[in-house]
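Before anything else, here is the set of structures, which you'll find just below.
What follows is a pair of complexes built around chain A, which joins chain B in one and chain C in the other.
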Partner chain A sequence: MKQKFMVDKILYDCLKKNFPKEKIPKLIDKLGYGSFRTWDSLAHLNLLMLIEKKFKFKFKFDQMLNIKTIKEIKKIVKNK
Partner chain B sequence: MKFHHIGIFVKNLANGKKELSKIVRIKKKSKIYIDRKLNVKVQFYYDYCQLCYELIAPYGKQNPVSAIINSKKNILNHLAFKTKNFDKKIIELRKLGYAPLQAAKEAVAFNNKRVIFFLNNLNFIIELIED
Partner chain C sequence: MKKILITSTSNLMPNNKAWHDLFNDFNLNFDYVGNFNDSFYTKKNHDIFLFTIFIQDLIDETEEENKLKKRIRLIETNLVNLIKNKLNKFNGPVIICLSNHIERNLIENLKNNNYLEKLSQNIKKKLANLKNNNLFVINLDAFFSLYGFNNIFNSRNLYLANMRLSLFGLEKMIYQVKSIINRIYYPAKKVLILDCDDTLWGGIIGEDGIENIQLGQDGYGKVFTDFQKSIKKISREGTILCVCSKNNLEDVMNVFENHKHMVLKKNDILSFKVNWKEKYINIKELADQLSLGLDSFVFWDDNPIERAKVRKFLPEVETIEPDNEIVNWPNQLKNLDFFSKFNLTKDDKKKLKQYRIRSKFVDDKNNAKEELLYLKSIKLKAKILKISSSNLMRASQLTMKTNQFNLRTIRYTQNDIVQLNKVSKNLVFLISLKDVYGDHGIVSLVIVKYIKNNNYFLDTFLMSCRVLGRKLETWILRELFKKLNKNKCEKLYAEFVPSSKNDLVSKLLVNHGFSLIEKKNLNFYSKNKSKCFEIITKNNNVKFNEAKIYG
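On to the complex of A and B.
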């Protein structure tokens, strides 16, 4: 339970840092590529790179190309 | 990796050449390559310092250029490097934290050798070209 909370908190902070002009909702699972006007392809990659740094791991090559939502990211982070 | 070119997105090649010529003395140019898989038209220009500039214009509706042009960001789009160890270098760059923009694809402008684009940690794009 504590780990789930921590993952959510870190992802929320990553979203806030990557999209400083956007209002990030508390429930982030449904967010994904294109959710905000500023969430374009490069912003998406920047977010994934930031998440890699925060969680100290690397997505697999295919994951990097296919991940589109926070829900998918959470699943990978929890199984790392 | 060996530096190859600077990639610049333009609305059309003629206007791109006109603007580039204002600041760069062009020594020679390549033919125009139309890449129907990547949906781009490209042409290479070389200056007297041996620097190579690749002008990349949209080709077709699904092209990757128009959205960037309209956003007015990343127009000076990428630095490109040739490498003989293409697959190995991809793994190395991923380990360094570079993020791939898409899977490797063959490019007409490079004799159908593979190219791949990465966003690096300084937040600019590099292109790897199979040598």
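On to the complex of A and C.
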């Protein structure tokens, strides 16, 4: 339970840092590519790289190409 | 906020968190990332131009050799010309980051056919030949190799986003750029304060005695010798050295005078603060004695408690955290970039002598009874110099480095000064000073801008702090008024823009007959908080009595 909370918290912080001008909702699961006007392809990659840094792991090439939502990211982070 | 235009040969992940370090202090324009050709013709306003070149982006190494050679020549001339033209029409700093790293196997590396490296070297050489002070070329690979290329470059990012670097690599590059920019706009540190025991030598002189301290012998002794050599090098380039140690003065002097392995001699040290007082008190005294701001000081001490105290009481002083391993100290000192200067002027080399003179002057003046009589006795001789190619660098340096005696603290590059000097009605001149204490060189800069209707504006009035207390400012104003009257000036506007350090000149204008006026919507006044002044120069009866000591 505790670990789940931590993952959410870190992802929330990453979103906040990567999109400083946007209001991030408390429930982040449904967010994904295109959710905000500023969430374009480049911002998406910036976000994934930031998440890599915070969780200290690397996405594979095809994961980087295919992941679109926070829900998918969570799945990968938990199984790493 | 200064604007940086960022351009590059491939992607640099605009708005990535890695850039945030620069976001806080600068406006970043990413419009031309990956599109460097257009960036050279942009009309977008910017103060700093940052161009990152990955040679790998420009040539395909697998191409046939003759074609490759042709292409290399073409790219070389193109790039150098682009940069040359940019420098001609742009006044601000142009920062070029250059990398040419490619993966090659061991055997390939033995052959002398790394065309990328050759191209990169040729570009560097040609840029260096331009001898332009606004051009800064960073060799990224030399810096990247400290961290390992495998950590810096990342193929996944290359195929995903056309970005060669890993996030870590990008962070390191930005850090490097930030340090350079900081050093362009903030002056170098001026004074290095050193502890003695276990810093200049190993052991404690008061207990171990001169025969038993570690210095010069194999092992630790060699390390301390090399550390002293690094210090000596910094001092040769114009940094002032002071010793601050809790010790008996005789013991310390004994080492400086009699130990045959001491690299630093008594004469290399401007001031010995060897006593049992707290170090922050000694450092404060030094700052007063040299009339330097505390932020010009760097403090090196092996004792964590002393460091903590100085950090607490004098946070402006840069307190170094020495490496745990003493063997790393010589390199650690060499790697500190806040002492190094981009260009060494002749004045830098004379610095130590000049500050020694300053120290003596302050002592003598405090002992004399009648200030003006004393000043008259030291045979002051000031001279006005026009701007010329030989003193241009010094003029710009003065605007960059002078913080205390500076009315508006505006920094000018050499190019800015040339432009100001081109306007025929502007007055731009330097002042040099001599007296019995020696030749002080060029110590002051005045820039007066012509506005209209025979009105002028005192844009810059600054003076090096090492000649303070000689009434030179009064003499300069008298000469300035003479010149203005010759030019039929009627009114001179002036302004005092307070900074954290220039309180010294807050009363200067009032004391010389200027009257305070309300800030009008005149475009030459700064938008910041400031006090505005004016003085009628035509037929004015301001008396410059104190300037008489100059004859």
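The rule we apply is simple: the second predicted complex is superposed on the first by the 80 of 80 C-alpha atoms of A that agree within 3 Å, B and C clash if a C-alpha of one lies under 4 Å from a C-alpha of the other, contacts with A are read in each partner's own complex, and residues count from 1 in each chain.
Heads up, the rule we're going with is that contacts are C-beta pairs under 8 Å (C-beta built on N, C-alpha and C of every residue); 3 or more make two chains touch, one makes a residue touch a chain.
Remember, it's a predicted structure, so these values are computed and weren't measured experimentally.
*Asks:* Once chain A of both complexes is superposed, is A:53 in touch with chain B (first), chain C (second), both, or neither?
*Replies:* Both chain B and chain C are touched by A:53.
*Asks:* Going by the contact rule set out at the top, does A:17 touch chain B (first), chain C (second), both, or neither?
*Replies:* The second partner, chain C, only.
*Asks:* On the A-aligned overlay, A:45 touches which partner chain: chain B = first, chain C = second, or both, or neither?
*Replies:* The answer is both, since A:45 touches chain B and chain C.
*Asks:* Does the superposition put A:61 against chain B (first), chain C (second), both, or neither?
*Replies:* Touch status of A:61: both partners.
*Asks:* Considering only the contact definition stated at the top, list the common interface residues of chain A for chain B and chain C.
*Replies:* 42, 45-46, 49, 52-53, 58, 61, 64-65
*Asks:* Of all residues in chain A, which touch chain C in the complex?
*Replies:* 17-18, 42-43, 45-46, 49-50, 52-53, 58, 61, 64-65
*Asks:* Give every residue of chain C touching chain A within the complex, in rising order.
*Replies:* Residues in contact with chain A: 13-17, 20, 156-157, 159-161, 167.
*Asks:* Which stretch or stretches of chain B touch chain A in the complex?
*Replies:* Its residues touching chain A are 67, 71, 73-74, 90, 94-95, 97, 99-103, 119, 121, 123.
*Asks:* Spell out the part of chain A that touches chain B in their complex, as residue ranges.
*Replies:* Its residues touching chain B are 40-42, 45-46, 48-49, 52-53, 58, 61, 64-65.
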